[in-house]
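Before I ask anything, here is the structure I am working with.
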């Protein structure tokens, strides 16, 4: 019997709500000698809506390996017509970071990665500018400069996709990447691209949100981490946070203050994604 | 010499920024035996922008009354072409409250009024519904029911204006009053109507913000207290606050949670207005 | 089949962590035709610590009544040596409020009660002062004045206990009740007395926390809702919240500002208690 | 005439409250062609308490240099018996950082320094451990390893003091430096050493605050930036902030979460110190 975290796994389920799901899943795990250590569920409407569940469980190694359990679960999943995935907590996801010139979100992630607060592999940092090359390489990471102009955008994205596939990237973080990705690119990584928008969405969609916030005279500024879809700044929101400001803040000072809230909101969203805490349903997220 | 709060006064100034303003004002007050107890200022741009100032000072009674000082200040004000007002802190403003059926903002204000946290007179509570009559009268206040329909809206507003004038109302608080006021009405009380909008403006302008927030899947909900202008939900923002929510909240639960943040934001805005802490400039507020 | 909330129930469990609990409980509920609508669990340490669980489920009425299920669950509970309780969500708890002269926490609860945000019966409001009698009675509630002096404290408490028993009180809220309860009294209602302490415990234990906060020059003030034990201000913490202050606040202004955070923290704690969301373990709370 | 920030200056004043201070100071500045761009004041008690003021002003260069004005101000200061200082905003203060092994506060400061959010010189980073040498040097900074043991503590501090004097250090930041400084050392830099304590003081004074917070079951954890005095964790508080936690957090997870609030509180305190926004009075701070 072995309870160490190498043998911890996570199961995420979405399906139509119906009686007996929890019982079937927990009985299955019990039969396979797995011990449930955490469990969360959410029903949009107990009388016939959607059902979402996240279970964290510890495996017992003698004869009940992860692959065996995952294969066996297929039958349970079928009987409830589940959309599901089961992941070993110990498998480190491969995260690519896209960045432009603003470095605060990038370095928040890298600092947390070095401190092991964000437990991933980072095979690639991709930028449309060369500026941050040296600093990224100082972390022992690979920095790829892929310039983007109007005319080269298509090839630039193709080159990025090739690199991402080559390194088996699990998900992408846009850490203040100031290029709009094409539908083709977004479609290649559905629900796997996390962006940080520098406003409290849906306020101030699009460019220059701090200038717009200054203009409107808001008393709080915000940041929104969301999955990227083809509707600009309209994808499923993962996390939002805000900061109090006042009439004294210039647009420039709003930008500086906003950096703190951007990096905090993004780091939380990335952490939740890594820990398989997020289920996307329609244009919303369930964060367990 | 008497330092009690009966003799405290406040001076608010807006003018073009230029050298010597602070010196002129503070020297004037010193000559008139007034003692500055608090002073705040703000320049949009020290090289030729706008200058705003709020000074709180104590009067000395022997020979230097408030009316004398206020009259004498006219000369200083002229020389800098100031927009200004001087108020005795002891003069209790007359506040009218407009309400519909939702009572949480109303009772927040009434409770703080009874606790002397909000130091005003409340000559009138006006509602387009009769529901809250008994509860308001239990506070010893006058409740006026003025029904509003499409066809009677004009007369209803006229009746309200007459009552407001009759009672020398200083300002109006729309404590979840669910009627849009006409430009005529708004124009009669410029910068003197405070509304609470149940969203983090400029997100979710207009009707049903909680339903829109639910639909969008936001992770924070907000409320915005602002002065009313003729552009719906576009007036100068006084205060905003937010509350964390998650995927479990139904539209109805967002509404219930939102009440807490609405009443807090509104009460703060009203307090600042009462204490002469707000200067409106263009579509923004300076809150000292 | 009836999914209305009259038939919603809650099950709370504490026991030693061991394999098979979730499976046993969820299978039991499934057999009894109950549909789990929410489920939370927490293990202090998956390798042999404590296990806590809260399940919300809907009952099907035809032949599977609540009392039947509760009786039948005894066998499951025994096999895991559980400490447990099962409650119908529709049963309104009976809450007594104790208050002295400060009324902000009292009226926060009464307002939320009238707005049906706090869904309880309030058979009694007890006070050691007569001041709030009229206002409480205006809510249609019973106000009992039980004066307390050093020499009459014992009889005063006895009288209160009698009244509380007579009205089958489920729990007591000390809404700024400025008397220390005797061990006898506290022992009569274990884990069933909620107090609001006007500081961020464990800072500023005991009397006059705002004066102490002023003295220390803190930049945030707080409030703590906790279950009452015989160690003054040392009982299990349910909820805490804070408010930003600065050097300008006098002790009196700290008190006024603090009222807002006291009533918010207390109202949350009371809501969670009513919804059976709290399990007390040792000197801590698990809040689901 | 030159309004650029090279010629901006700041004046900080503490003295007994008395009539005419603001007038005298603002008239003085006006005579010397200085333009007040911001002004804050605070009186502990307008009838004879302490008066504190901070003025930001722009200098006009032709004939009215900073040193001239500073010298001339001596007369004004004398007449009110002021404790005062006048500083050019353009003079970059020299900050030394002390650190042990935990690097999150250090790198927060260094990242903000590189981003020019914290505008200082950092002549020295001193540590009692060698671990962070390489990473600090990657920023182009000098890292000095001064080991400290019980028997060598005195010499270690002497060595540090020599280095600090040699580099004309203005102030010291203890960025999670896990050594208690001697009264001699503290006395050498009065009101010039900023520490970050990893709790919401005065809760959890001393060692292992997160373990104590876990034990007590608090629902919020905090951090406190304060000036160092010889009473452990009792010096004047500059800034505090908190983070919501729950029963699921282990002591280790409290530590990880706490890092975020520690670095935010410390960075704010350092920023305010750099901008001459803090006046220490007794054991409290006035933060303008």
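The letters A, B, C and D name the chains in turn, as written, and every chain counts its residues from 1.
Here, a residue touches a chain if its C-beta (ideal position, glycine included) is under 8 Å from a C-beta of that chain, and two chains touch if they have at least 3 such contacts.
Which chain is which protein? Per UniProt: A, B, C, D = Formyltetrahydrofolate deformylase.
Because the structure is predicted, anything quoted here is derived from the model rather than measured.
J.: Which neighbours does subunit B have in common with subunit C?
T.: Both-contact set = A, D.
J.: I want to compare two interfaces, C-D and A-D. Which one has more contacting C-beta pairs?
T.: By number of C-beta pairs in contact, C-D is the larger.
J.: Could you work out which chain's C-alpha centre is the most distant one from the centre of subunit B?
T.: Measuring from the centre of subunit B, the most distant chain centre belongs to A.
J.: Rounded to a whole Å, what is the gap between the Cα centroids of subunit A and subunit D?
T.: Roughly 37 Å, centre to centre.
J.: How big is the gap, in whole Å, between where the Cα atoms of subunit C centre and where those of subunit D centre?
T.: Comparing mean C-alpha positions, subunit D is 42 Å from subunit C.
J.: Please output the residue numbers of subunit D that touch at least 2 other chains, ranges allowed.
T.: Expected reply: 42.
J.: Could you list, by residue number, the parts of subunit A that touch subunit B in their complex?
T.: Per the touch definition, subunit A meets subunit B at residues 42, 200-204, 216-220, 222, 236-242, 246-248, 283-287.
J.: How about subunit C: which of its residues touch subunit B in the complex?
T.: So the residues of subunit C in touch with subunit B come to 103-104, 107, 111, 115, 117, 138, 256, 259-260, 264.
J.: Under the touch definition given earlier, write down the residues of subunit D that touch subunit B in their complex.
T.: 3, 19-23, 26-27, 29-30, 33, 35-43, 46-47, 58
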